[in-house]
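The structure appears right after this line, and notes come after that.
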C-alpha cells in the first residue's frame, strides 16, 4: 500500500477509536490524577494546513510519548498522565479567544498549549496573561518579541523575528559575493502579509549595506495561484540570486514554475514550505541546493531520533523548521514541570531561567526568547540542513551555486 | 515581452475558464447556486492523485475515468438532494435560498470528509511539468494540457448548445423553466443532465488542476469563488461568456503583474469584475431580464 | 405587555455577565455578535431579498478603523469614526449597485469585500509599510459584551420601527416586485439606499466593537469571508424577513457550532454538513416559521 492510503486507513481507524478513547480516558483519571492540557488549534479553515503540519502532529506525538513513559514527572517524582482537551479554533480569532476562555475558566486545565500562527498567538496573549498561564509561542515570528515580553511576562517567543531571518540570509549571500560565487544582483518577491512584509523590510537595508542591488523587488497578494508572470520577469533580470519571502502555496508554485521554465539561478531561496517534508516531491525529486527558512542539525542523533519517531507516529517526517522547535518547547515544558510543578508562577520562572535538554540541543531562553536558532537551511543530499548562522554548531557549509534542476 | 505576457495570460485564463465551465451550466440550467462546487473539484483532484500515486495510473488516463465518474456523481447528487428542493420551490427566489443553504451543508460535509481521509497537508504531483516553448515562451506542459482540455470541452459545449437539438432543449429550460414543459420538454430530465454535466466538468477542472497546482483539503471555497466571479462576469448560463471572462481575468492578472505591480493582481481582478458589472449588470453576455 | 417582556429579557441579558464564567461570557459575546450581524444584515436583505455577501467588508472596515485610530482618538470618537467610514462606503456601494439584481448582486458584494481587503493590503504594504496592527485598549470582555448587546438591541428595535413605518412597507414592496414598487410611486433608489446604509453602519459598528478582543488585526483576519457566509446562513435559517428570525437562526446555529467543534474536533464539519442539509429539508421556511407551524398544530389539537 502506498503512503496516502495507509494514512487514510490510519485516520479512519483513529476516528473509529475516538469513542473508545474518550471512555478509556475516563478510566485513566479514575486510576490517578491526570494533568489536564488543553489546546485550540485550527483543524479547519485557512490555518488548518499550517497547523496540521507543524503544530498538531507534534502535540499528539509528545502527549503519546509522555503517556507511554508513564506520564509527566512531578517534582516529587510521582508520574501523572496527560489528559488532552482539544477544540478547533476554525481559523477564526473570535472562536479561538472563546476556546481559550473555555479551557481556562470552564475546563480549568492545568496547562494550555498555544495555537498556530503569529496572529493567533497575539490574539490569545492577553488571555494567557489574564489567567496566568505560561505561553510558549512557537509558531510566531515577530520583531516585537521584546516588547511583548515586557507586556506579558509569561509569554515566551521561540522563533525569532523577521529581521533575524533576513539578516541571516544576507550574511550568507554576502559571504558568497565576497568569494565571487555570485554577482551583486538580487531578485526578491515577498508575500503581502505580516510575515512577508517584516522580512522584506529588514532585508532591503541589509542587502544594500552588503553591496547588493535589488533588480526586482515586488510583493504579491496572499492567494496568488499563478507565478508564471513573476518568474518570467525574474528570469529576465540579471540576478544570480532569487529570494522569495513566501508562504507554502507560493513557495511551491514558484518552485514548479522555475523548473518548468528552466530558471536556474545560483541561489534559489524560498521561505515557509521549503523545509516541509513534501518539498522534495514538489520539486520533482530535485530539491538539492534549494535554500529556505529554518534548518536543523541533520547529523545530530537527537534530531534523527525525533524524525524517526515522528515518521512512525504521524506517517511522514516533520518539517525542518518550526516542528523541531515546537517539539523542543514541549520538552522544555515537560522538564520545567518536573522541576517546578504545575504552579504557573514557578513554572514560568523556571521556563524563563532554566536550561533544558531538547531535540534541538541545550536550550536556554534569553529575555523569554529563544535566540539560538538556525536562520537558513539548504537541501543537501535529500536532507534539509542548516547553513546559517555559519558558526553555529551543527551548521553545514552552503552549496553555491545551486546545481541545475 | 508583450508576447510573453499574452501567452502566459492566455494559458492562465484557460485554466480559470475551465474551472468555471461546470458552474455556469449548473446555475444556468438548474438555477442551483452550488456553494460546494469547489469541493467537488477538490474531490476529483484528490482522486486523481490517489489514482496516480497508489495505482500508478497516468493522470491523463485517470482523467478519462474521473470525467464520467463526475457525471454519475452529479446525477446522483441531483436526484437525491436537489430534486426535492426543486420540486417544492414554486417561485425562483425560493430555490436560490434553499440551494445556497443545502449546498453550504454539502460544502462542510465534503470538506470534513476530505480532512478526515487526506488530512490538512498540501498535496501535489509532478506530471508533465517540463517546459515547452510556445513561440519562444516557456510554458509548463501540464498547463498547456489544461488549456487544450478547456478549448476542447468549451468548444464542444458551445457547439452542442448552439447547433444540436439537445442544446436547444437545454437552452429552452435555461431561459424559461416554466414554459419548457408546454412544448413537451421533460424539465426534470434536462435539469438533471445539466447538473450532472456541470459536475462532470467540475471534476475535469479539478483533475487537471491537480496536475499543475499544489492544493489542500481546505481550498474548495477559493475555487468556488473564483469560478463564481467568472460565471457572473460572463453572464449566468453563458458558456462562451465564461470562456471569455476566464481568459480576460487571466490576461488582466498577467498584464498587471508584469506592467504595473504583482501586488495588485487580485485587486485588479476584482476591480475589473466590479467594473464589468457596473457597465453591464447582467454580465458580459447576459440577457436583459 | 410585550414591551415589558422584552425589557425584562434585555435586563436579564445585561446582568448575565455577573452570573456566568468567563467562558459563558465568551459564549454570550459570540451569540450576541452573530445576532447583531444577522439582524443588521436582514435589515436590508430581509425585506428586499437582496442577498449581500459584503458583511465582512463592513465588519472588517470597522475592525480596521479601530486598529488604525485606537491610539490617536478617545474610544467613543473611534466608534463614531468607524460608523461614519462604514456609512460613507455603504453610500458609494449602494449607489453603484442599484442596477444589479439577483445572483449578480450576491457575487458583486462578495467581490467588493475582496477588493476592499486587497486594496487595504496594498496600501499598508506600499504606503505605511506595516501589515498587522495592534489594538491595546483597556476594555474588558464585559464592556465588549454590553456594547454589543446595546447594538444588537438597537438593531432589532430599529428593524421593528422600520417594519411599521412607510420605509418598511416600501422595502417589502420592493422585495416582492420592483416594477410594481416603481409604479406605485416608491422611490426605489432612495428606499434601497437608506436601508443599505443603515444595515452597513450596524455591521461596521459590530466589527469595531468586537475588534479589541483580538489584539492583532491584519487583512486576512479582519476580512475573513466565513463571517459573511455565516451571517447569511444564520439569517436565512431563522427567516430573514421576520423581526426575530435572524436572532433565532443565529443563537442555535452558533451553539451547535460550538458544541460540535468542542466534542468532535476531528470530524465536526461532517456532522455540521449533515445537520445543515437536514434542516433545509425539515424546516423549509426557516426555524421561526417551523416553530409557528408547530404551535399552530398544537393549537389545533387542543381545540
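We call the chains A, B and C, going by the order they appear; numbering starts again at 1 in every chain.
In this text, a contact is a pair of C-beta atoms (placed from the backbone, for glycine too) under 8 Å apart; a residue touches a chain by one contact, two chains touch by 3 or more.
From a predicted model like this one, the values you see are computed outputs, not experimental measurements.
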item	value
Set of chains adjacent to chain B and to chain C	A
Which of A-B and A-C has more C-beta pairs touching across its chains	A-B
Centre-of-Cα separation between chain C and chain B, whole angstrom	30
Between chain C and chain A, distance of the C-alpha-averaged centres to the nearest whole Å	36
Shared interface positions of chain A, touching two or more other chains	15, 43-46, 192, 219, 221
Chain B, residues touching no fewer than two other chains	111-112, 115-116, 261, 263-264, 266-267
For chain C, residues contacting two or more additional chains	118, 121-122, 125-126, 266-269
Touching residues (chain side chain A, partner chain B) in the complex	1-5, 7-8, 11-12, 15, 43-46, 48-49, 51-53, 189, 192, 218-221, 223-226, 228-230, 232-233, 248-249, 252-253, 256-257, 259-262, 273, 276, 278, 281-282, 284-285, 316
Chain A-facing residues of chain C, complex	21-27, 29-30, 33, 118, 121-122, 124-126, 129-132, 134, 141, 210, 213-216, 218, 220-221, 224, 226-227, 257-258, 261-262, 264-269
Complex contact set, residues of chain B against chain C	27, 33, 81, 84-85, 88, 93, 96-98, 100-102, 104-113, 115-116, 221, 225, 228-229, 232, 236, 261, 263-264, 266-267, 270-271, 273-274, 277-278, 281-283, 286, 289
Chain B residues within the chain A interface of the complex	4-5, 8-9, 11-12, 15, 49-50, 53-54, 111-112, 115-122, 124-126, 129-131, 137-141, 143, 212-214, 216-218, 222, 253-254, 257-258, 261-267
Chain B partner contacts - residues on chain C that touch it in the complex	49, 51, 96, 99-104, 106-108, 110-112, 114-115, 118-119, 121-122, 125-126, 225, 229, 232-233, 236-237, 266-277, 279-281, 284
